[in-house]
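Multiple structures are listed underneath, in structure tokens.
Next, two complexes with chain A in common: one pairs it with chain B, the other with chain C.
After this line comes the complex of A and B, so read on.
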């Protein structure tokens, strides 16, 4: 049972946005959240997101903004891209070829130089302090847009290490908006019904469990049961959609194009999940915090995002999906211009780069002016709140009008002192 | 005038040359009258040690200069960069450009250079995993030595001039014959210096430095072991000592102090004593001296991180290009003013390996 005070989108997970729009005839019921024209567009095609999170912070000098003649440059060349006048590091040859399909912001100025506070700040969008624990982006989108396909979880997180149901990212929205995590991109365990249990017996067990939950919930808080129930529902959904984890049809050429390293395999998995209709897929990669040996490490790490990111954007484009799938590559900050004693770069939130593609994002644009050495923003920098406004806007969510409702309180979904980056949007 | 006795425990900084950018390689010239140093600013810096600080620069590289080697007899200096380019200079004549250039010596970074004792051959190695032999006269290809499966960090030539060793990222040392067909001879195991943790995104470590003892009986290989991640890349600085005749690893040397980076440089001081320098993130590192019969240093000097060591021909002075913070290192700009945010620099430190002469007041 839902908390009656907790505002929810006019949909439930049992019904897809596409179906619901069909039922209620366009924008009725969505007025508080969606711009009518956008809602109409959504009715035609679902919007999806792939967030690629490089935990620790990738060096902008060794990727999006090389500036080889500046005093803070690294040792690598810059190379021409498919967009005249735009150059990336030589460590990004694949992405350089698809630069005309993506946009780069080179003036992110995000204030927080620490991992422990920077990661949640960036993934929550730094809303103004309302005394609540805001959801991470994936959970926010799961709440605001619901599942794109009712038969699939709205938020799947492909991560290193172990998987499971990770509820803490949902914040005040409640555990049910958490992420289904696929450890190392693998299918969750236990999605195969044991041969010793028949389909009928399994259905009877589920019914018994639901009955027990109903009785339990009648006398206690619903939040934990909601999360518990959600994880069971997801397991049920995935048992019916085991096919999305079947890699037997993957072309060897695709495995090669994305790369056999974890990011390559995980982003290829993300492509499959997006094709299947998962609303929000996060792919995270650890160990980008190159305080030591930054140049040897960048030489080996940056190609691991270059190759599969370019392949994903190309594939989404070729499949006609790029206009409806937003792809974001980002970290909690960039890396310092100054090179330290261990030939590393430290944390740098003051002026760094990230990339976006698809779903109403301009193609072939580079946004932001930096000082000549790339260390600082020269005019206007963008904070994470601006990026969240932009993300919500291109997904058809009005970040100024849409509100969460928590315990009777209306809460902005994005920092209301920030704005969408118009220069970035079509 | 009496020459003071070598006394490593009394080593002291006898001279320091400042530079406003980070330098990663520095060497005494064969006659000991000059120092060449290279690094981030793409220039080759030559200091004349006599007659004041007379300094010149050689300008042709367009990338960080990553390795260098002097010709043993002529006034030639070979320098190489991250873009795979090698230049040959007459370093006594800074007004002229390179004598010759190899534009494609490597597909990436030329990480190490060495010159054979007879001065005939220049050896290079780096990202493309191939050890390459060139004539020092014209820079013509002599041989390509293939076998490494990963990038090569280090090169050294045995004192008798008969063999070459190359060390790679995976901790494999390959020995090659010099001149006699440039053939592979054997492989030595230094895999202790390589780490690939289960969750690492990249290999970490490698054989970062070599040194032969003067009598040619020992080979030292430097790096770090037990790296904990591919992000900070912290590990335990380690030297492996090999008996050159048998190829057996005979001992492992570490340090007493706190350093988290590899030994980028090693130098034997005769047959029995070894010097090595490490890196440390943000805080001082150390220059260590060992009696190689003992696993722990007989003496250490706290010093900024350094990336190379060169022994003066007199055998009594060590040169190290050392990191000097410009005050801007660390996370974010914080309270610093933009105009104060500047690159870090270097100090070329010369350590005299004997007791500091007493200061005779008024003398």
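After this line comes the complex of A and C, so read on.
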């Protein structure tokens, strides 16, 4: 028979953390350090992730790593941040004020200069080739940690354009680990009960359906049939929570703070989903591929991430969530030092920057030494596999021990040749 | 290293051939029942009642649920051989060819949009092949051998766009029951029988095959084979040392790559922009070798998949895990089916008829009295199977009485020649309803099918499917009274008894029992002020019931 346990234990990591807390709480010696009530409160705090994906590649020179005196500088100044000695581009005034809450890596050195292969490669963590399609980060976390709230899908993706149930990111894990995608932040249309059916009428027809199912199940093995009933329960639970997809309750002040552009609205929507208990939220944004007119485009684009990212980190911090929610801002690569003839910057995987915050990531750290002009890594660069090791580690998943099981084969969840970035972690 | 393995597998495959065969005069269906009963670890479920059988066999053979009238007629028919007559009638129907074209297409392509052949041409080709007396080995042979010329063209769809590794994997999985994906890079880590050499032996049959440049005259692309001169080289990622293989089936002899005098390699020179045609064409050789009677892997995989399509579970299961560590649930039955399928020249309809005629197929899905559960692999009760997306659509349309209306639509008159905006339908920006069967089918496939490239074997009733059935505008539109549909028919009846009977016959293909009669009467009485809506609720509840969504 095929191994019935097709994957590595679904929620073993979350479970083991809870178990561990139980043990610590009840053991003499540690018992006095950790009150049961405190242990319970910690155990309830599920780790969550918000991945903000700037598709096309944001310029590090116009954001995280301004070098106004270098030969590759653009027209923008650098500004001081809340951390002495650290400067960001003047296009990031909001984020500069919260620099003490986040970390920046300035020496990402990755392998792929193409969008079409780079996007999947980065979002899969560039694992060693095992001849299978690895899951993207959101599907991987959905698999490894399961839903944080059983009534909500573990992986929601807020994207421009259309939404729906998007399976391909799940790779070999299988369709159910795919994303529920909210096109332009909106839920799929079928989450809404049409106006023609009142709540009472809906309840009445559901009761009829349930009774029919009870009669059918009475003479049959129940387990497989239960799955149908469960799917209606889940559908009804999600419909009951559809307020989390609804913009109307948002304070005008919040809309202002996050920005009245799609990325701002979508990151604000992400905040709501994280508060509601969604395990992994991806927000993606297009148009960062500035081969031409990089500086005008950056002037328009960078504020669109600056403002809502800073607002999100502040809000999570204020709500006491930042210690358990990991926020990542990244692209598939950075942009070239050399400014091309169209005043653009081209693709540059050799040395680029990204930012992280929360969930065991240091506050106020900037790591990585580059050459003075920022073009290359000076000593040690970090590959995407290193970032994945770091992400898994801060989420409480041991990237060396946790394995996927696929067709009887144990597969590493992250590139074996990489390691977690200690300098980033608390 | 390869020989002992091959011999071992040969021994495994043919283990019981001498021990089991059909006794003189015993039809295969009888032998099936005998072998299933022999393996049973407890009581067998009762025979299905006529309504259960009628619905099951109609779905399996023609992809429809029976009409209310045909349920009445079948239940009222007192002839002793009415079940076998029904099986024969369904197998001869044109709708059989249509349904099985769909099922086999989904099995072979897994809904991937492959290659250059339009779906309609491929389905039409399958449809034509399935009329008359289709022979499965010949159908598969055509799919592999096709170069795309003339009448052969639609069959080449299976070859896709010429991705040789996809083809190697699909041939292993779909035609030999071997999921060799892992064996591309090393011997399979958990299946001892599967070696890297198996993968590369298959690969060597197709590694000369590719799509041509467009033909100089007709501008079409064709599958061509380049000249094979060397064996294929491979190396395990775990073990150093290069290995070599020519074309080789898992249990077969390696095909030698012939050496020709220089200038003698080709049968035809290059012409019309097409490359020269070599004398040695391994893919054409594969088409013959793979589908030959002596290829036990192909034969056993074939009967296993056909058995699965009717019984809901392969004798070897999962279907692509046929190896010694995962033996069939009923080894002797597997041997017998394989032997008899060969003896009947791969006659697909013959095998379907024999399986469907067995008591094992015709058993009820209700558990035997006093039994709480049975192992699916015992076949002691009929297994529940999800309707395919196409079956579900047709069943909903027929049950709700909207089939004729939809079938009458040609294109979408509202949209003119514009293509229906399906994405917009799912996001709410498109407020129109799809009109034609093609448009509606595409919406059902998107909602209920597995994603492209995933085998439709296991089925999960997902959240989005239930949301669709609950809230889709089209479904709700079909439950409003119009055009003589079921709700409008029910609305014209006065007696609750007649309503309940018509409702249950139309939707669940059976008569209601007393409790169900009372429930319908009670619901209508409680909702006199919204009678049409209440009738819609009653139909909806049954359409969404597990009984309806399963072939049981």
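Following the convention adopted for this analysis, the second predicted complex is superposed on the first by the 343 of 426 C-alpha atoms of A that agree within 3 Å, B and C clash if a C-alpha of one lies under 4 Å from a C-alpha of the other, contacts with A are read in each partner's own complex, and residues count from 1 in each chain.
Here, a residue touches a chain if its C-beta (ideal position, glycine included) is under 8 Å from a C-beta of that chain, and two chains touch if they have at least 3 such contacts.
A quick note: this is a predicted structure, and the numbers were derived from the prediction, not measured.
Residue contacts after overlaying the shared chain place A:286 against chain B, while chain C stays out of touching range.
Contacts of A:336 after superposition: chain B is touched, whereas chain C is not reached.
Once the two complexes are overlaid on the shared chain, A:248 sits clear of chain B and of chain C alike. Look at A:408: by the touch rule set out above, it reaches chain C but stays clear of chain B. When the two structures are aligned on the shared chain, A:304 is found in touch with chain B, with no touch to chain C. With both structures placed on the common chain, the touch criterion links A:190 to chain C but leaves chain B unconnected. In the superposition on chain A, no contact is made by A:260 with either chain B or chain C. Of the two partner chains, neither chain B nor chain C is touched by A:116.
In the superposed three-chain model, the partner touching more residues of chain A is C, compared with the other of chain B and chain C. By the touch criterion defined above, A:77 lies against chain B but remains apart from chain C after alignment on the C-alpha atoms of chain A. Those residues of chain B that touch chain A in the shared complex are 21-22, 24, 40, 63-64, 66, 81-83, 108-109, 127, 199-204, 229-234, 260-261, 279-282, 285, 304-305, 323, 325-326, 328-334, 338, 341-344. Every residue of chain A that touches chain B in the complex is listed here, in rising order: 56, 68, 71-72, 74-77, 113-114, 160-161, 261-263, 285-293, 296-297, 299-301, 304, 333, 336-344, 346-350, 371, 375-376.
Interface of chain A with chain C (complex): residues 1-3, 130-132, 153, 162-165, 167-168, 174-176, 178, 183, 186, 188-194, 196-197, 201-202, 204-206, 208-209, 211-213, 215-217, 219-221, 223-225, 227-232, 234-235, 238-239, 407-410.
Contacts from chain C toward chain A in the complex involve residues 179, 181-182, 184-185, 188-191, 318, 321, 325-326, 365-367, 372-374, 381, 384, 423-428, 450-451, 454, 460-468, 470-473, 476, 515-516, 519, 523, 527, 530, 533, 537-538, 540-542, 544-547, 549-550, 552.
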